[in-house]
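What follows is a set of structures for review.
What follows is chain A paired twice: with chain B in the first complex and chain C in the second.
Entry: the complex of A and B
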């Protein structure tokens, strides 16, 4: 065992090294913009310098004179594209603001021209020489800006169906012996994945190949086909590796169809690599949010009333919201609950998913408020969670399929040394530094979606798994290979995995932490189909019982299983009996409770995730507890976080190495979100100011001293065939509140607005 | 990036000639047609952003054989302008006799940048003002003289509170320069009419009505070395910043003291992250000289250092922060063991 490869506990797979480790560390992994193209033209974007108004005129003369310029595409000559609906309204797009359609500008940094040239350098040089005259009108930037509108999310966002409530909140809060009312704020954030938002489009006759980092190749394929008005079968999206996603590549952005149409017009492959700052405005972001929490409790800590009101900023045309009240109203036992989510419309691009979209802002508010309540009640914040722990969510009374929240708190508290905390604020220090300990709960819904896979087995044991999953750095190749190897009983090194290609059987978007649950469930099912065929070939007289299906190995049967009566199947004999050289099976799997149109939707590139609070008779979440040590300098008020400890329970852990890595990344992200990350908006003009990685701060190794991830054993047979809950978005949720709670402990000062900066501290 | 010519200068004369030849008489250095390339950590960045558009680049890295020595000279030390930041920061004698220099370099930028960036280039580093660096904003008096200042009422958390004018509030971003100005360094300059030298304090120009003129260097002139007289073992560089690993200062202080039998005989205080140029707090120094140190004195000194500070919407906090940084740096300098 090493720290990076923890020993598997009960219900965990082996911590095998990443399938793609060597190609990645040797630089041989081919990302979208690495794909060789035959004689490509290079595109460079020109984006708007205003957030609202019109283009009066474009002076292209100087730009056209740059040597090597082939074409400059503007709203005056752009290819006509069909509109795409927002993904939440049955479409594919992350925004319905379609650039190059007219002279109108709807947000900062909107694409207003595409320069195409023989080289990247010429295209960029010419783009700098495009002169634009605008008529600008004053935009509404964000909360409190003149001209914004606000309305309840319910009724305008098809995916936000209900504001959860139960009991009589008003009465219970009114009568509560201990009350807390507090407001919280979170900022705009951008994903900033390492790989830029590139797109390369190449046509072969009427067939289009798109190389683009995407978290949903089937969605992008269908979306682009719709915008171009062509048959989706003519479009293929390829991206064997994606350099980080974090939600930014889940839905289609307008750039792809534009580049595809330009490539068609030029009859030549076109490659676009936008700059880092353009990535801030041509894709989505995490919207800024505001919250008011009201908690009423008995003196013993029992919650009697809980209300969570949230507001989120979206664009003028699109009612995007994350609506995290679905989680915060169900996390703790409480008989009287009320909630309301509202959407504020401003002159901004449409926001979108960013790692744990609902939970990050909404649990920051609730878990901060829980800590404030613990202080009021003079209770240990861990004990306050224990007092209000529950097996059933309070809104509908549905049981959690499994819930190890308090086990996580206890494990993490022990590893962290929570018992050594002196509870009084400002009571711990080390030289110039005040020390604070803080904790918070974390959770994320367990989600799954319909998926298909093809598995091929050869008589020598070589196995090929094909599924249009996505390797966004999470370990998708690895866990899919492990699943097939385990299920077929073949050595791991004989399994080849093909993902990131829309010509492969469809898998859901790599979002909502569903990938491992969905892809491994379908791969398990298809491997079983192969086992069944082989088993029948050698034992035609016997029926394959469920038990046999689950236990009969194809290759070497481990001694432990042989002892239970499992029999290995002699592969060569089975192939001889079948009279074939290759066995190949295709299958489609959908989770329990998936809508009737699931498979149709899956083949149309649409997402039908189920799980979380949307299940019929139960509710499924993964849980964890996070503890942090914060240090605040008495003199400079600088805030540092030298230590993070998280304990997590998420059903079956397919690979403790890749799971730990994801959870560790989540804790670091959470620290970053609490202390560093915010996209600054110039309220005068609704433009982003710090749109680069020098000014949009994220931590590097030197900012992260100690991160400890504890994986708890948890078995949950009620969620999906592999019993996986998913860990991708679990760890960055609780950290925000844990850090503010620790800052309170260090300084006695409660900070309710992220990110926390030194000027917010008054020691 | 716009096309440019590239020339490698193998000796100082060639470099000076190449840079001077391209210079137009009335262009300030920042807008000169030819720009010298050393580590490239600022220039290339700004060219990519289309902020700087030189037609010619003169690569002066080959001059390192002339201009990169770290050597004793007289009672002090001479630092070649092409010495790498990382080499100077790691130099034994610099660490021993000039901790303020070693630490100002060590706390600047990232290890990768320090390995590339030179001392001369570092002091010439241009502001990080977001509006200066984004050419989609017309109004930047530094880029487009007379066009106005977008930062004045914009997002100005990182901006200056000292040395500001109603034309510009952009912060001078470096760290090393505060050490140089505190220690009364001299800059050695090579130009077409030979060598000259001037006090480091006269190198940078506060924005006033001409924010586009940032230094007194003329087109065709190059910094060849810095000279620091005396030894300053009792000196510190304290830097407050948002991120521990690498980040520009929100406020920093370079402090050097000469303390004999508990009495401060000489004191130097310079401020970073808060001013438009490398900033010497002479009023503060005057309060220290001849005094015995206590916390009350530190407070009065800090107040004096920021007496003329002008905060704006997002950066007013820098005044209180800057005072605490100065006071703490003084305490550290007084108590450090040498």
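Entry: the complex of A and C
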């Protein structure tokens, strides 16, 4: 076994290799822009060079003269599309800014024309020859820019229902013996998944096929149908493999319906592969945020008052916000809590989900402040967390379904060697390098959504699972195959999984770390329907009690605890008794507490995730603890991060191999969020400056040394049938704070604004 | 820019992707719609297809393509070898890495015309008779990918990294594999995979 495949502990599945491993290492995995098209025309986007104003005129003469140009679509001749509402307001879109509708420009890099040509080269050439005259007005770029507006999130964002508060914060803070007030800032970030934001559209009569990397094929299908004004059953979105998502492909962008409409007009498949820099403005991003934290504590470390005020930047028309106070106000025991989230409107494209949307910026603030408080109290920061650990969240008093936060701290601290830390800042060094140790808590809400699946079992054990889940690198194929194999007792290699196609039964958006919980829950349920049919056929006299349902095994089910000790069911005998060659079942599953309209919503591409802090009598989160070592060169101020150690508890781990990889990637994302990533904004022009992969810094191999992931055993039967909490977004939370805490320990300098670069070090 | 509206003329979109091949030397060309008007000589119109023969994975492939076509687009759009991926088209990410005469090259910055007469090896050319190349197997064993989009480029780069003699230590592997971005950040697993496959590849 390699380090990549850790031995399973209690309540973990087998670390089998990825279902999609061979196709991915041989180049046979077909991503959206790899899909064969019959005689496609190539589209190239022209995007706005100003952030605010209007187009006065377009001179297309030179562009039209480029050989091979078929059509140039602008606001003057674009197909008319219906508006789509924001996903959070019952629509499908990630932005309500609809390009090519009028001459108005709402943000830099907005699509203003689409050139279609016989070849990619001609389309690009002609796009570069489109001449645009603008009337520009001064845009408002970000925080502090003249012309921005600010207002409370509550009341303008349908999904931000309340600012959590409890007790009397003002009085408690006023009377607190130890107080801390500190402000923090996080930057704009872009997901930059490796696969570009391509879209290919092909019509067969009145039926449309869309090849596009999507984290929500059913949402995209319904959204595009709505914009085109056609029946959703005529639209099919296909993407068996997605080259990374990180939230960027969760909601519909305007490009898809535009390309679909152009393909219809030309009666020819159209393929769009936007450039990397266009991806910065035609999709979404993580907005920049500001925070003020106030903590009041007793000298023994017990929190008595906590206030978290956050502000986030959004676009003019859309009140997007992540509102991470829902998590930061509930993480620690504290009787007096107050919070406020505000939205600042600027002339920017609408932001959206990016891996752990609320927790990355908001826990940076809280977990930095906790470290600052530990310093004030002269307490070990791990002990400060222990003193304020809780089994019930403080706002509503609801119990956590399970909470292994301190177990994670203890395991990670041990593996890291935290005990060797000398607490004084600047007290550890190695030659020219100042050494700092830092830690932080991480958590992420457990979420699930309604899902449907179809499973077919053949007499010879071959199994086919169909569900419109998404393989964005998480291991979706693998854990779905493992679930079916285990539940039906068939060998893993006999299971075929079909996902990433909106013609399959709907699954939720691959976001909010819900996919494994949702898809494996419904696949388990449908496999059980098959077991019941076979069971009834073989033992017609027996009643289908719950016990029988759970214990009748078919074939070998070594990993199913319930099946152990029961004699295996003879598959061939069962099929003979049924008199069929194939058993197929379809089923729909919804989590406890799901709204009444869940299934209807599911079939119209709407997301109804439940869980986290939104449950009725309980609250469900996954937890972890992260420890980092940083080294700061005392002369050059270069910052390195040679060690990242994280321990995580997230309910059942379906596959320790894929889980470890995701958490490892998350830790590196967290490091990157602290030290590398920021989209720089030209405040005069409200424009992203470093819109490419050389200037927008993401980690490369040389930035990463030792990363250790510790998976803790945790069993939680109160969340969903498979007991899964999800790990996709757990590890990149808190890391940014852990690194700043370590930089403080190394240098004595507290840095409250991300990212930290060598020019920010003053020692 | 002032607060009052101002007019601004932009000849090119600021994000223009300047094509090196022939862009600035162009004289006006008639549109396809006005096809019968006099055309400039073929040599001056990059959009007029040219004949190119590429040797890919041991086989000669004859193409009739736009002179500005890159090796990457030739492979993907014209030869249906879509294993090599487009992640930036600027040589910044490494997803398009192929071997040309055994050297690792970013195929997005290499014109197809310039690769004539050279041996191009892509991810599709590694496995033989359903037997995976040792580097492919090592990537599976060490879970050296998640979404898989950068993987073909990583594997091509990893093979060259070993053959260049840059796989002697983990630090070396990290350094010499840093031209290939993996946004899922499978880096430690990629290092482990290169380490595993290196001895077998060096044996030949």
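Following the convention adopted for this analysis, the second predicted complex is superposed on the first by the 753 of 763 C-alpha atoms of A that agree within 3 Å, B and C clash if a C-alpha of one lies under 4 Å from a C-alpha of the other, contacts with A are read in each partner's own complex, and residues count from 1 in each chain.
Definition applied: a contact is a pair of C-beta atoms (placed from the backbone, for glycine too) under 8 Å apart; a residue touches a chain by one contact, two chains touch by 3 or more.
In this text the structure is predicted, and so the values were computed from the model without any measurement.
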Partner chain(s) touched by A:682 [first = chain B, second = chain C, both, neither]: first
Touching partner for A:125 - first (chain B), second (chain C), both, neither: both
Partner chain(s) touched by A:620 [first = chain B, second = chain C, both, neither]: neither
Chain B versus chain C as contact partner of A:24, first or second or both or neither: second
Chain B versus chain C as contact partner of A:759, first or second or both or neither: first
Touched partner set for A:635, first chain B, second chain C, both or neither: first
Contacts of A:246 with chain B and chain C, given as first, second, both or neither: second
Touched partner set for A:707, first chain B, second chain C, both or neither: second
Contact breadth on chain A, by residue count: chain C or chain B: C
First (chain B), second (chain C), both or neither touched by A:697: first
Set of chain A residues, in rising order, touched by both chain B and chain C: 49, 121, 124-125, 128, 277, 684, 694, 699-703
Parts of chain A lying in touch with chain C, wherever the complex brings them together: 2-5, 17-18, 20-31, 33-34, 36, 46-47, 49-50, 53, 56, 62, 64-70, 109, 118-122, 124-125, 127-138, 192-196, 241-246, 273, 275-278, 471-475, 657-658, 660-662, 664-665, 668-669, 672, 684-685, 691-694, 698-707
Interfacial residue positions of chain A with respect to chain B in the complex: 49, 121, 124-125, 128, 277, 432, 633, 635-638, 640, 676, 680-682, 684, 689-690, 694-695, 697, 699-703, 757-759
Chain A partner contacts - residues on chain B that touch it in the complex: 1-3, 50, 110, 128, 130-131, 134-137, 150, 153-155, 157, 238, 240-247, 250-251, 317, 321, 324-325, 327-328
Residues of chain C touching chain A in the complex: 1-3, 5-19, 23, 28-33, 45-48, 65-66, 68-69, 73, 76-77, 80-90, 92-93, 95, 122-124, 126-127, 132, 136-137, 139-152, 155, 173-175, 177-192, 196
